[in-house]
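Please find the structures below.
After this come two complexes, each holding chain A, first together with chain B and then together with chain C.
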Partner chain A sequence: MRLWLLYRRELLIEIRSGVESFIPIVFFILVVGIFSFVLNEVVSNESKVLVSVVWITTLFTSILSLDNLFKRDHTDGTLAVAVLHSDAVIALVVAKLFGHWTLTGIPITILGPLIGLMSGMQFEHAAMLGLTLLIGTPTITMLGALVTALLVGLGRGGELLTILILPMYIPILLFGMGVCHLYIDSAPYTSELLWCLALLTGTITAIPLALGPVLKLSQDS
Partner chain B sequence: MHRLASPQHFFLDTKMWVVWLYVVGIIGLLVGSIWGLAFVPPERFQGDSFRIIFVHVPVAIFAQIVYISLAIAGGVHLVWKLRMADVYMAAATPVGFWLTALALGSGMMWGIPTWGTPWEWDARIVSTFFLLILFLGLIVLRQVIPNPARATTALSILAIVGAINIPIIKYSVVWFNTLHQPASIELFGDISIHTIYRIPLFTNIASVFILTAGIILANMRYLTIERNASKTWVQPWIQGRDQ
Partner chain C sequence: MTVTDLHCQPGSQELFNGLCLSIVAGEVCELRGPNGCGKSTLLRIMAGLQQPDNGKITRFIEPLGYLGHKFGVSSILTVRENLQWTSTLCGNRLDSHRAREFLEKFQLLSAANKSIQELSAGQKRRCSVICLLIGNYKLWLLDEPFSSLDSSGEELVRELIQDHCRNGGSTVIASHSESRFANANQVELGIS
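After this line comes the complex of A and B, so read on.
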């Protein structure tokens, strides 16, 4: 119940803050659009290129959106109160992670394959892109949130986020994109898909628990 | 071993270790390199250009091992709060950075005669490049976070999470279609290198290990002195240096 209220709070704050909350998604559409425009010939003949473009843009979009993940709660003191109790901080963190995924992960999971279909990708290939994004975007949210939490309250966090986060995304990028490429080539892809799922289960289990102590530490200094 | 977990005993006990590690490491490296460069016959397909293996393989192996050791030290810090674990991380990060840079640099030199290109965007090279960025991130993060306790925990977590890249680097030559060749040395398996090349190569691998340990240990001793500068047992050492 409390979790649901916290989740609702996250969504309401984001949506009521106006256009700002949709900027990451607009950014996603823009970048995929620019890529498809510039690589027009290649993209329409080769769906592998578009799959890669969508995946890379997903990473960039997550960096853009993660910068604000804990910022508001840190500024207004919500975080300082939440870390006083380890149950409270876990509930807040889980609500925040799901809120973030609802507002960036789900739209990307829907928009990615949709853009693919519009560019003439086969339906099965677009569906596979959607499936890998469905597995990949929560993983990306988890990994990104952990690195963002390390930098809460530091002045120069934003720029640093890029070089700290991108290396962490390499495994999920390689496997997620790899599944799509193998599927397009009609090659066996089960092991790569299982690796994606392993990364998802691993991060989704461990990271909400790790975030509590990390956020607590950020409030000490 | 418990004695070494205390900064004071660590500092007092390890002075001669550094000297020995340096002496043995440098002699071994000289022997292995001269042997490899001057005394073994050229390779059948690559001619003389293969000789960079005696530099490339040892530094590449220890670039990854130093990163794994950082993640382990991070775990030790998170579980047992050992002060020396943090000292180890601070001392080993720059060493790992330079080993990775050397692995990339020597690989590029090797790539020119054999592949015809110093750089190719294949999985092994790119994942090693990201290892370099991981080390850089660890170095920068320590400088950015002012509170030492928070910095240590942040670094431990980053090191542990970043360790998911190590299997990617190790198995990139198996899982993906790479220009880089698969491993020639397996810990529990066949070694596809002829015996005459094996001896100088293993000499160099052992020497790079010993030298890396020596450099990290010297760094750790320096950091121990720096962090405990206000303690009484440090005073004679600081004054001795100033005179």
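After this line comes the complex of A and C, so read on.
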């Protein structure tokens, strides 16, 4: 019940923020759309190109959206109040991460394959892209949240976030994209897929637990 | 709560060295001193939001009710939603009768469904005090709680602090207000 109420709060805040919350998704649609339009011939013959474009754009979209993850609560002082409730902070963090994934990860997981299909990608390739995004986007949210939490107290997330976060995204980018490429080439992809799942399991288990202390620490700056 | 041998020196200026303090149930502790003497820093250290350079803080009660310079309420949510959020954080359901009672007392009932960003600074401060009350915290750490409040608001908050301490709660308050609490433990901080 507590988790649901906290999750509802996150969604309310995002929805009431209006355009600001939806800019990352508009950015995703524009970038992937422009690539598939400009490179129409290449994309329709070679699904791998569009898969790479979708995955790389997902990373940049995530950076755009993560900047606000804790900033708003830090600015109005609710983050400081929240971290003092050590028994509630994990629920709060999980609600925040799930809220972020709902509004960024889920649309990307749906829109990526959809744009692929519209650009002439085969259905099974688009389905595999969707599956890897379904595994990859929560991992990206988790990793990004950790860096965002570390930077929130410094008040200069934007520029540092990009530099610090991108190297952390490389493993999930390589495995996620790798699964799709191998699948398109009809090569075995189980190992890469298992690595994606391992990254998801690791981050989803450890990062919500780590975020409470990290957020408390970030108040001290 | 006990504070033992606290040392804090952010940058070149030493704020306090060897500070010891003990807060017991039913006590009001007023932190006094000029701007920059470390009142807010001490409150943040006591709350656990900042680490001292040295010393030990023992908290016998958690969570603490902390009211800082920021209002601690989400500006995009309504007054009622913020009260709901505080209850959720504390693991309770919002007692709507109690919430209504506080909203009436603080003259915020008509603004209960307005978002915080539509309210004046004084009303925001009133809302953050209600959140403090909704949270049922035993120990309140209040940093300039009277700022932005009119005289009636200040009087109301003073009464609440006294009631809270009469009922076994404790309050540490940093304030520049001229009037002081009767029987309060006065702690004078100064720039060394």
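Everything that follows uses one rule, which is that the second predicted complex is superposed on the first by the 220 of 221 C-alpha atoms of A that agree within 3 Å, B and C clash if a C-alpha of one lies under 4 Å from a C-alpha of the other, contacts with A are read in each partner's own complex, and residues count from 1 in each chain.
To be clear about the criterion, contacts are C-beta pairs under 8 Å (C-beta built on N, C-alpha and C of every residue); 3 or more make two chains touch, one makes a residue touch a chain.
Everything quoted here is computed from the prediction, not taken from an experiment.
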(request) Pick one for A:Leu164: touches chain B only (first), chain C only (second), both, or neither. (result) first
(message) Let me test your reading of the model: by the given contact rule, A:Ile204 touches which partner, first (chain B), second (chain C), both or neither?
(response) neither
(request) Using the touch definition from the top, say if A:Ala82 reaches chain B (first), chain C (second), both or neither. (result) second
(request) May I ask you to decide whether A:Arg2 touches chain B, chain C, both, or neither, giving the answer as first, second, both or neither? (result) second
(request) Based on the superposed arrangement, let me know which partner A:Val147 touches: chain B (first), chain C (second), both, or neither? (result) first
(request) With the two complexes superposed on chain A, say which partner A:Asp73 touches: chain B (first), chain C (second), both, or neither. (result) second
(request) For A:Pro213, select first, second, both or neither according to whether it touches chain B, chain C, the two together, or no partner. (result) first
(request) Have a look at where A:Ile13 lands relative to chain B and chain C in the superposition and call it first, second, both or neither. (result) second
(message) By the touch definition at the top of the document, which applies to A:Leu92: first (chain B), second (chain C), both, or neither?
(response) second
(request) Show which residues of chain A both chain B and chain C reach, each in its own complex. (result) 220
(request) Give every residue of chain A touching chain B within the complex, in rising order. (result) 143, 146-147, 150-151, 154, 156, 160, 163-164, 166-168, 170-171, 174, 178, 199, 210, 213-214, 217-218, 220-221
(message) Touching residues of chain B toward chain A in the complex: what are they?
(response) 123, 127, 130-131, 133-134, 136-137, 140-141, 144-147, 149-150, 153-154, 157-158, 161-162, 164-165, 168, 176
(request) Spell out the part of chain A that touches chain C in their complex, as residue ranges. (result) 2, 5-6, 9, 12-13, 16-17, 72-73, 75-78, 80-88, 92, 216, 219-220
(message) Help me check something: in the complex, which residues belonging to chain C touch chain A?
(response) 44, 47-51, 62-64, 66, 68-77, 81, 84-86, 88-91, 115-116, 131
